[in-house]
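Please read the structure below before turning to the comments.
Letters A, B and C name the chains as they come in the text, with residue numbers starting at 1 for each one.
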Amino acid sequence: MRSHFDEQLHKLNEEMIRMGSMIEHAIEQAGILMASRDAEHARTVIAADVEVDRKEREIETLCLRLILMQQPVARDLRLVSSALKMITDMERIGDQAADIAEIISMPVKGQRYVYPELLQQMGPAAGTMVNRAVDAFVKRDVDLAHEVIESDDVVDALFNDVKKELLQTMKKHSEFGMQLLDALMIAKYLERIGDHACNIAEWVEYAVTGTYKGDKL
Amino acid sequence: MTNFAQNSRAVHTPGQDDAGTCFNIQDVNLYYGSFHALKDIHMDIPARQVTALIGPSGCGKSTLLKSLNRMNDLIPGCRITGKVELFGEDIYAPQTEVNLLRKRVGMVFQKPNPFPMSIYDNIAYGPRTHGVRSKVKLDAIVEHSLRKAALWDEVKDNLKKSAMAISGGQQQRLCIARCFAVQPDVILMDEPTSALDPISTSKIEDLVLEMKNEYTIVIVTHNMQQAARISDLTSFFLLGEMIEMGNTDSLFSNPTDKRTENYITGRFG
Amino acid sequence: MSETGATTPAVDITVPTRPSMHLGSRFLKALCWAAGFVTIGVLLLIIAYILVNGLPEFFSRDEQGTLHFKASLFALKYNSRNLSMLPAILNTLTMTALSLLISVPLGVGGGIYLAEYAKPGSKLVKIIRVTAETLAGIPSIIYALFGMLVFVVTLQMGISMLSGALTLGTMTLPLILRQTEESLLSVPMSYREGSYGLGAGKLRTTVRIVLPVAMPGILAAVLLSIGRISGETAALIFTSGTGTGIAGINDSGRTLAVHLFKLQEEGRAVGASFAVAVVLLIIVVLMNALSSYIAKRLTKKG
């Protein structure tokens, strides 16, 4: 019954997983870049973001077509509408990973500032959130989604610590001025990525239970 | 089984907040001969709201609708137990006058069924039945009813024309106007648009939304989108049982019962 | 997920495309046309035969050879010279009216009872239905016997228009009863539901909604009855007799059909009987026209 519809929903699911792995890959690369500072590699990461944008458009089209042709209700409606919302966040995550890569690809004048350990930790921390948010979607796992939402505090705390450390450094080493600001930007991007992962997790919860941020929609 | 109580606080109709309960249905069982068509139905139908009954064919939704104005009396071998109260009065009590009940609880059928007479006489039939003889009064009732059914402008120059000669959509609105003419409290609609084209359908749907300011509407429909568009409450029936009743938005976005979910998402069975 | 199960079957299932007017359907079409033409042809033949033989009987030639209308055929009084058919014409009308006065109220009333009031499928309904169908198939000579024994002899009405009308009323009753019932049953349930739904009772629904819709069918039965009454001879010879005058209710009087029969039987005026046939034909056509006019008026008014 409704086998064509089910096929399309299955395809939507697969596309979401594909887009998820694309952004997971992008963040992973951003983490590597923070250590390696390889400008050439950074440019390939920036270029890859085009693919994420294209995937967003594809999924968007698929969702709108499903709504138009199948008029989904109940869990189908929740799946399609949360997918529509989630891809916006996923696309933003891709953008921010590319933004990080762009900062790293910039040529540095003078001595290179080595990113502090805490900032290096933020990469994997945000990456894990995205990983698990996508995982929660794939497995329709509400508990995992909740964990993602809670773990946002960890990333936020890291961001505050990084901010303090950068401020300290700025007072002692004014010659790193521009690079320190760039580092702050990177930290902010990673913090935003954590927020987007949170949003994704919230939509996962809605898709599964019909509850969004504690309210029945 | 029902999450009606839990959901009903979210039902909000501006200005008509607490019109009370129209039908109180308690422990209703209905049999056609030995066939058990309705099983232990309990439900409250609120006044001045649109309540949709959905479910697969043969699930008992039309049967329940017919039992609300005792049209099931016409079916030989039909037996009902339990209680159906209309604003607190038991409609199956021995002293109930069926004709007066049906004046209060009007009905619109699946296929438009205007009488083979003029448009005017169709509308005037009900009031005449209940003793209205004055031509002036009848004229006023006919105009008022047709206006309310958004049909007046289309037929006002042809009131003597046979009702069989107008389009299906117009015929159905005529049947609704015919209901208005006897000034009921409730209008029951049995798949009123299933024989109509989309434009006529949306005209009827608009009408239903306006009607609920004055009347309690109970509508049986096979069109899930229609139930979602026009009803405040939706009730799902399966094999003679009421499975779930709730606020239409929440029933369609997040049904509680797996069977409801399977039915409305089209994965029934 | 459902299996489509569209495997290729072992048997060849391709459906051939053949022209819609292949030989078989052409033959059938021709057959239908032929049947239609034969029916119309027979009717026209009968009418033409009667007119050709009958019309000249209305006229006579005088010595100069000019044509004169034989007004004596319509003289108030019948005698063996003028062979006037006027009394028979009037008797036919009286007989028709009287018989219908008996069978229509009873038949329509009974039909309404069977269709609207009696419990559907009850024993009584079944018995009445079978009885009516049997009665409709009984030859009219049996009715004659019945009428003669019951009305003429037992009830002492004598050979009279009344006895004849009662006999013919009995004869046409089953026809009208069954036809009324059928017409009422064929009125869509949705009309009744609409009426009940507005709070109308059974009587009002039946009289105002159902009966008007069933009226054409009922009138068709009345028409058929008129045909049977005006064409009946056997049942009348023994009940209303062959009186030649303009008959009152208690007098013996012959209808046109009986008149025609007597003329033929006596063998004296075969020509005149054709004239009677022409008039009978005209009367039947007129009565049919009148009833369909009434039917139209009734259904329009609703």
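We take it that contacts are C-beta pairs under 8 Å (C-beta built on N, C-alpha and C of every residue); 3 or more make two chains touch, one makes a residue touch a chain.
None of these values were measured; they are calculated from a predicted model.
Chemist: Looking only at C-beta pairs in contact, point me to the busier pair out of B-C and A-B.
Modeler: Top pair by contacting C-beta pairs is B-C.
Chemist: Starting from the Cα centroid of chain C, hunt down the chain whose centroid lies farthest away.
Modeler: A
Chemist: Please indicate the chain closest to the centre of the assembly, with centres calculated from CA atoms only.
Modeler: If we average C-alpha coordinates per chain, B lands closest to the whole-structure average.
Chemist: Which integer distance in Å separates the CA centroid of chain A from that of chain C?
Modeler: The mean C-alpha positions of chain A and chain C differ by 90 Å.
Chemist: Go ahead and note the Å separation of the Cα centroids belonging to chain B and chain C.
Modeler: Roughly 46 Å, centre to centre.
Chemist: Any idea how many Å lie between the Cα centroids of chain A and chain B?
Modeler: Going by mean C-alpha positions, chain A sits 51 Å from chain B.
Chemist: Note the residues in chain A that touch 2 or more other chains, in rising order.
Modeler: Within chain A, residues 1 contact more than one other chain.
Chemist: Which of the residues in chain B end up touching chain A in this complex?
Modeler: Per the stated touch rule, the residues are 224-225, 228, 250, 252-255, 260-261, 264-269.
Chemist: For chain A, which residues count as touching chain B in their complex?
Modeler: Going through chain A, the ones touching chain B are 1-2, 5, 71-78, 209-210, 216-217.
Chemist: Using the touch definition from the top, list the residues of chain C that touch chain B in their complex.
Modeler: Spelled out, the residues of chain C in touch with chain B are 119-121, 188, 190-201, 204, 208-209, 212-213, 299, 302.
Chemist: Provide the residue numbers of chain B that touch chain C in the complex, in ascending order.
Modeler: 69, 71, 74, 76, 99-103, 106-107, 109, 111, 113-118, 121, 125-126, 129-130, 175, 178-179, 182
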